[in-house]
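Got some structures for you, see below.
The same chain A turns up in both complexes below, where it pairs with chain B and then with chain C.
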Partner chain A sequence: MSTVLETTGLSKRYGRTWALQDCTLALPSGRVAALVGPNGAGKTTLLLLCVGLLDPTAGSVQVFGRSPHQQAAETLPRLSFVAQDHPLYKDFTVSDLLTLGRRLNPRWDDALARARMQHLGIPLTRPTGKLSGGQQAQVALVLALAKRPDLLLLDEPLASLDPLARRDFLRTLMDAQLETGQTVLLSSHIIGDLERVCDYLIILSAAHVQLAGDINEIARTHKRLVGPRQDVAAIARVHTIIETSHTARQTTLLVRTSGPIVDTSWEVQEASLEDIVLAYLTQQAAEATKATERMQAPLPAAQEPQGLEQEIEEVEL
Partner chain B sequence: MIWLTWRQHRIEGLITLGVLAVLGVFLLITGLNMYHDFQQSGLSACLAHYTDGALRTVCGPLANAFGAQFQSLILVSAAPLLLPALLGVLVGGPLVAREYQQRTHLLVWMQSVTRSRWLTVKLALVLGAGAVAAGALLALMIWWYGPFSQLNGRFSPPAYDFEGPVLVGVTVMALALGIAAGTVTRRTVPAILLTFALLLAVRYTVELGGLRANFEPPIVVTWPLAQGLGSGPPVTLSMQDWVIDGGFIDAQGHITNDLNCSGGSSVSNAQTPPAIPPAPLNPLQCAQAQGYHSFALNYQPADRFWTFQWIETSLYLAISALAVAVTAFLVRRRLS
Partner chain C sequence: MIEFHLDTRSGVAPYLQIVQQVKQALHLGRLEVGDQLPTVREVIAQITINPNTVFKAYRELEREGLVTSRQGQGTFVQRTLASTSLASQAALRQSLLQWLQSAYEAGLDGESVLALLLSTFQETQKEETA
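So, the complex of A and B:
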């Protein structure tokens, strides 16, 4: 399986703030990947870098083996991007937008676009500004799909939609994906919506990639361990502890396993994807808090406050 | 891209076309009327027969009658001043700014057309259409102003602005400045304000700031105060020459017509050359007392008209090129 999207040490700085730092990942072809992280984690920045709308401060990003920023003429026809809140020309009719798509894209599939609009019951003669939010999102998605991209990126596509519109939106997306096998990367600040449609997960938090991999693989290697309250050092020697919580008598861990759990004092439970994501985000937040506390306490020696400060600052584009 | 540009700007385009059409009909009707009167009254023949020097004396009454009848129409000459500014502010300003503001740049820049190409086509079409519109207006105005230009000349304002390619230059510049301002501000309303401010600054520098008057050093004519207040310059000035300034000249070469004598005498400037300066309360002694020795007049001769037109047009096109460069740089480099 070839790689569609590859980033190496990808970093982007706005002014003095790093929106994305040292991001290295590879997205195999044909995947439907979820890019999950809290608001301000750098998701939008990463997507904009991937489609070539931004150029990196450091590191590199390659789409189909090319730089999307430097070689836009080659990559643009094979990429589609639906920006957050799916901007459209509000005074254009749906038909105008289809004409725009047809005239500006060599691979445009007009029949597909018209069929989808008809299927969705969206009148071609209506100005897009007069459509409902869900319909506008659908129009933006159809525009992106009819371009026949090899890689489709969507930034928070579900954020502004009600549950019904979310379901319809995902249905349109998954129908098209099944048909064409195109690679999809969609971002969200919650995993719940995406769990059913995605088979690949990238967790982004505080400008860094925390985890990236096949969803089944992630589910298989992450376990919840419950046992009597105890020291966790032994577990930490073999496995990676993502999250620890203690009650008076009990210790609960979320670990990334590096093999079977042999210590029988732990009860091993499956962890839901949502738990895993939350654990990674909590871990990051805890580290950030610690960093802040360290900074606020009088420093015994020159530590490197600059780096810490940048790490916890967040930027949303 | 051509379709998209048309689709996005067709309303502005049609309005501009409509305004030009209405203005054209108006100019045609009044112009024909004016030409008719110009011929019938004998003014045209008079002007052709006598040299410009004799204009006031021989053709004067005819000219005055013609002026009295049609002078109010000169208000039309505001149109060539307004059109470029309106296009710059209302078409240029929002061109990129509105994309940023409504975030549609994220839609249009993700089609299979690179940002450079998107900008190139838009600029070429919009600036080109602006130039064509200005050219059409220019042709209309040159024809319409014909009689006036024989009477009043075309070198001095406001005729200068619509008697040559400067009108096309200023229109292209207004559009380019508007587009650049919109790319810098990324918001429509600030873009409109900034465009307006930039246009005013350029026009102020060129016209009132005296840049245009000094594209080539003006010719200075002096004659002694001793010749008296009624005396005129020792050269024959035609109406086609542009008299910039007139009054008294001191040893350093400064020309003034504001003497500030205790008598409160101030001499009106010399826009109408032979009548310098009309005499209020004995300004002659006043001038002498303040160290002025001569009357003076500086002007640009008529044969420099086209040189000036091309210099000023080039200046406006250079500013346009700079604005386009700024726009291209920002569009390619910056996203929001």
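So, the complex of A and C:
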């Protein structure tokens, strides 16, 4: 299967802060990939690098084998990008936007756009600023789809939508997926709905890729282990422990397995995608706090947990 | 026509949930030979799911010889799982009821019964796969 999007050691620095560091990824064609991580993890930066709106500080990003920044004329006609909060020209009617899309894009599919708008019950004569939030998101998605992109990038498309609008939005996306088999990369900090629609997962936190791979493969190789309280050194020699918690009598682990669990003192349970993602993010947050503590050792305790959130908020665009 | 549902908190991969729901319907006789499974488009409308996931589930069922896909027509049930077990199910259900009765008499509540059933069941599964 061919690779649509490939990054190698991709890094971006704003001033003294690294927003993305040493990011190496290869997204196979036809996948629907979820890019998950807390606010400020570097998700938006990665997407902007992919569409060529930013230039890497180090490393490289290739879309269809080309640099989106330096070879924009070859890459941009084949990709669609919907920025956060699905911005639209608020005074334009839906019909105006369809005309704009048709005039600006060589591969524009006007019939598809109009059929989708009708199917969704969106009035063509209304200014987009007068549509509901859910409808505006749908309009932005339909415009992006009508471009007939080979790669569709969506930045937090679900964040501002209520659960019903979120489901409608994803249904439109999945219908299009069935028809075109395009590659999709969508960022989100809402994990719940992603398992339905995504078949590839990238966990990004603190500017680094923590995990990337096929979602079924990730589900298959991550297990929750529950057993009597014990030292975890033995199991850590065989499998990778992502998360550990102890009570007086019980030890619970989330591990990435590298083979069957043979130790019968552990009860092996399935871990949900949400549990897996949270375990990686928790692990990363704990390490970041430790690093901050080391750096700030002389400071009073009250200032110590100046962890991820604050530090990274500055980075988010 | 069977209708699917998806439990995203279970930790069971979505494609496996579809496989399991078809098998359960075959076991219980809710799906019979010749019945059509929903098209991928219909499944998307039902549960908003990635089409690749549905294809994967249907391929898995086809690999096990339970369904067959006919070009341009859809996916149809080829073999049922009910015939061998339906007859004995009533008797098994009867003895399970007796066992439950003795569990309650021994002072177990609903949760303890379920925990005992589940852990015993999982042990037998382990022995089978070992």
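In the analysis below, the second predicted complex is superposed on the first by the 300 of 317 C-alpha atoms of A that agree within 3 Å, B and C clash if a C-alpha of one lies under 4 Å from a C-alpha of the other, contacts with A are read in each partner's own complex, and residues count from 1 in each chain.
Criterion: contacts are C-beta pairs under 8 Å (C-beta built on N, C-alpha and C of every residue); 3 or more make two chains touch, one makes a residue touch a chain.
In this text the structure is predicted, and so the values were computed from the model without any measurement.
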- Give one word, clash or fit, describing how chain B and chain C relate on chain A after superposing. fit
- Task: May I ask you to decide whether A:R196 touches chain B, chain C, both, or neither, giving the answer as first, second, both or neither?
- Result: second
- Touching A:A73, do we find chain B (first), chain C (second), both, or neither? first
- Identify the partner contact of A:I261: answer first if only chain B is touched, second if only chain C is, both if each is, neither if none is. neither
- After the fit on chain A, how big is the angle at chain A between chain B and chain C, using C-alpha centres and going to the nearest 10 degrees? 150
- Minimum Cα separation, chain C to chain B, after superposition on A (Å): 25
- Task: Provide the residue numbers of chain A that touch chain C in the complex, in ascending order.
- Result: 30, 32, 167, 170-171, 174-175, 177-178, 192-193, 195-199, 215-216, 219-220, 224, 267, 269-275
- Which chain B residues qualify as touching chain A in the complex? 1, 3-4, 7-8, 102-104, 106-115, 333, 335-336
- Message: Considering only the defined contacts, which chain A positions touch chain B in the complex?
- Response: 48, 51, 53-55, 72-73, 76-77, 79-81, 83, 85, 87-90, 92, 96, 99-101, 103-107, 140, 143, 147, 317
- Note on the structure: Per the touch rule above, chain C residues touching chain A in the complex are 6, 8-15, 40-41, 44-45, 47-53, 56, 122
